[in-house]
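As written, the chains take the letters A, B and C, and residue 1 is the first residue of each chain.
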Amino acid sequence: MKQFLSQRDVYQPINFVHKALEYKRGGFSAAPQLGLGKTLGLLFFNPSLRTRMSTQLAAAKLGLQTVVMNVGSEGWALEFGDDVVMNGQSVEHVKDAAAVMGRYCDILGIRCFPSLSNRDADYSEQVMEQFRKYAGVPIVSLESATLHPLQSLADIITMEEYKTKAHPKVVLAWAPHIKALPQAVPNSFAQWANVFTNQFTIACPPGYELAKAFEPVLGYEYNLDKAIADADFIYVKNWSSFSDYGKNPPVEGDWLLNEHRLLSNPGARIMHCLPVRRGLELSHDLLNGPRSLVLEQATNRITAAYAVLKEILEALK
Amino acid sequence: MKQFLSQRDVYQPINFVHKALEYKRGGFSAAPQLGLGKTLGLLFFNPSLRTRMSTQLAAAKLGLQTVVMNVGSEGWALEFGDDVVMNGQSVEHVKDAAAVMGRYCDILGIRCFPSLSNRDADYSEQVMEQFRKYAGVPIVSLESATLHPLQSLADIITMEEYKTKAHPKVVLAWAPHIKALPQAVPNSFAQWANVFTNQFTIACPPGYELAKAFEPVLGYEYNLDKAIADADFIYVKNWSSFSDYGKNPPVEGDWLLNEHRLLSNPGARIMHCLPVRRGLELSHDLLNGPRSLVLEQATNRITAAYAVLKEILEALK
Amino acid sequence: MKQFLSQRDVYQPINFVHKALEYKRGGFSAAPQLGLGKTLGLLFFNPSLRTRMSTQLAAAKLGLQTVVMNVGSEGWALEFGDDVVMNGQSVEHVKDAAAVMGRYCDILGIRCFPSLSNRDADYSEQVMEQFRKYAGVPIVSLESATLHPLQSLADIITMEEYKTKAHPKVVLAWAPHIKALPQAVPNSFAQWANVFTNQFTIACPPGYELAKAFEPVLGYEYNLDKAIADADFIYVKNWSSFSDYGKNPPVEGDWLLNEHRLLSNPGARIMHCLPVRRGLELSHDLLNGPRSLVLEQATNRITAAYAVLKEILEALK
């Protein structure tokens, strides 16, 4: 693998999920020396808990040294515009910062959130693309403006572990929130779920459909109860509108899932990428109950990061 | 040892101090491989210098990998309330964050300060207790709302090194400050000093007595000069009132210790946990002079952290 | 080497540059075990990207463990005044913090910027000097109030690699900026360049001459085009006035270098320490073009840090 910015960077996604599960079963001891003498730089433009920790842990299991930079608080404000005269607040151009970090590190992991105000800029993945262009080393997305492939890989790995049929019905279910959130998690999840099963739908209020490229194989479903009635996995997540970009247009009906609404579907498992706002996005009972796979997903963040870093290190040799 | 949140988690405190000193004499080479392949997560809700560095250094001497999270600045604002609807500022519930970190790390070290406004909440150790309940791995206190056991263990180790009699007289002496400080250090020190010697008293102005559970074996002494006249160790520290919780009620008399007031007691040693406000809490002459053990205490933070982590790792096997 | 606060701490600077280049050619494998069991503490009072990363990477190549502290955000506000009563904002005196860190670490690296308001305080290197005095272990400057010797060592190493004559003409060329910047980089560069070549001049507007101690061997040149006409290396950098301390007095003429002004000097190489404000300090065409050595300089930050840490570790044995 030459980079990991999207599901499309993985040659055979489902085979890759199987390989990742093999590494997990082997206690991540497949290649303890593979990263020896090599350095992974982690750049955080935005906060991170699971990604920060799981990536460091996976790197250590491969013998990789990690150097963490909290850009902004520890480093400099970066400039992303082309050919500008830098007489404002930004101190260093991403071209130069990326090129330097590419000289220092063998792999770069980058986390950067969208503006949610300029759709074209966000969907052109300005930050990631400039790092890809100027760093000269493999880039791993730790969540970008529009994609979160490490999260979705962990999600698919988890579903692969818990599925009871070849093509389970997977529902990505929109949930309420008080803030406007990125589309990165649903976009990536849709990419992966569409190759994982032929029974994938998205349940959301009208106006919350994702960009065309992430359309689910079964299309959209605007009635939550109908969508989840026969679901095997229900992935609960809030996101803001793509058409009315970055906004939260008014929503009709009750989109908060709880145990009561799932009584007639005892086998359905509940997923969420965390952090989750309890009582707002998802009920306490579902999160605390036996349907919940959220901790399994979080644990598989190590599995996902390990598989990706291993693949990238192998291509580096 | 299954956890280290309080002196009471140590089976035989004085034996443990002797073991810690043995490790120190051996250059901390007792178990260089014990932590290999294991991870210590350090979570800082509040600033830290000595604790942060000494714990990382002790961990490295045991082969433990350390992952540091500055919660708040690097991660998310956590929610601690039960069954709340999270529609405010907090982004993740401690239940979920603790459970995830418990999946990632083999041991968690946590630092969190008290509110100093809600005594019941502080003394119920809300944050620590939730981590203990939901993380599923051993928790080490890096200072909690009401206790700082690693500091006090280092203090006792230091007194054990410098004592010249079986039961030295130990005085915990209240000192002035401009801010309201937690009771964590005096509480913990009282727990440990009460098992270290039968000659332990606390010198403080009326109104500054600690909670009942931390009463010194010799009772309180309200006259500083009288208390220190025959003291072997004088532990200087400010704390705010427990009865008038978190406040600094007016104080009569001069509570700033200096060399002059100790002229008739040439053997008395001065202790402080640092950071110390020079000239306010303790005089420059005492801090710079030969009585001071403050650097020895700080150095023994490594001794204390090493002994605790070693004991916890042994129980993990 | 007992410390590295200035070029003057290096016994034979040019020999040292040759040794550093040897280490680089050997892939930094000269002494992989030299730092084993030892700890390097890195203290950042100010932001850092290149220094932070390159020093950690160099340390790892020597087997040194690194502990990073962002003083201020992660630790305490430090006091630097002598014999003050600390009843203000500062929480710990540098005497105590330095002494403790010296007990914890075998080497301390420190970054602290100048006030640019009090020249005497800045040029007395208050912070560095107190660490030197109280830490009791070797101190490495990661940029101080008035010097940045690791940067300049990397610069000289780079010129040594690219020079085509024994004594190339080196021009340190002042460039425009919107902020008042420290004199640390030009001061250090002048120290090193004066021993590297007998053809070193500084091109700057009147009023921007450095302190007497850093006068270039060829003296100052106030006409940029004249200075660069026969230059082999042009080191572009902004700095604020030393005489009108910390201010940016008005400047006549155009001090922004670009390809056009160098047409008659095709062999001249362009240097800058980064971060660089593109379009303001230096033109995009020069930075993107084949004359630029800025990435080579940044890469040699590892070479410089490796050579310095190796020398200091050898003196520690």
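Simple rule for what comes next: a contact is a pair of C-beta atoms (placed from the backbone, for glycine too) under 8 Å apart; a residue touches a chain by one contact, two chains touch by 3 or more.
Bear in mind the structure is a predicted one, so any value in this text is a computation, not a measurement.
**Q** Graph shape for the chains shown, where an edge means the two chains touch. Line, ring, star, complete, or other?
**A** Here the contact pattern is complete, since every chain touches every other one.
**Q** I need the rotation angle between the copies chain A and chain B from a CA superposition, between 0 and 180°, in steps of 5.
**A** 120
**Q** Between chain B and chain C, what is the separation of their C-alpha centroids in Å?
**A** Chain B and chain C have C-alpha centres separated by 39 Å.
**Q** Which residues of chain C are in contact with two or more other chains?
**A** 73
**Q** Please give the residue numbers of chain B that touch chain C in the complex, ascending.
**A** Against chain C, the touching part of chain B is residues 44, 47-50, 52-54, 56-57, 60, 70, 73, 178, 274-280, 284, 287, 294-295, 298-299, 302.
**Q** Would you pull the chain A residues touching chain C in the complex into a rising list?
**A** Residues 39, 41, 65, 67, 69, 73-76, 79, 83-87, 91-93, 95-97, 99-101, 103-105.
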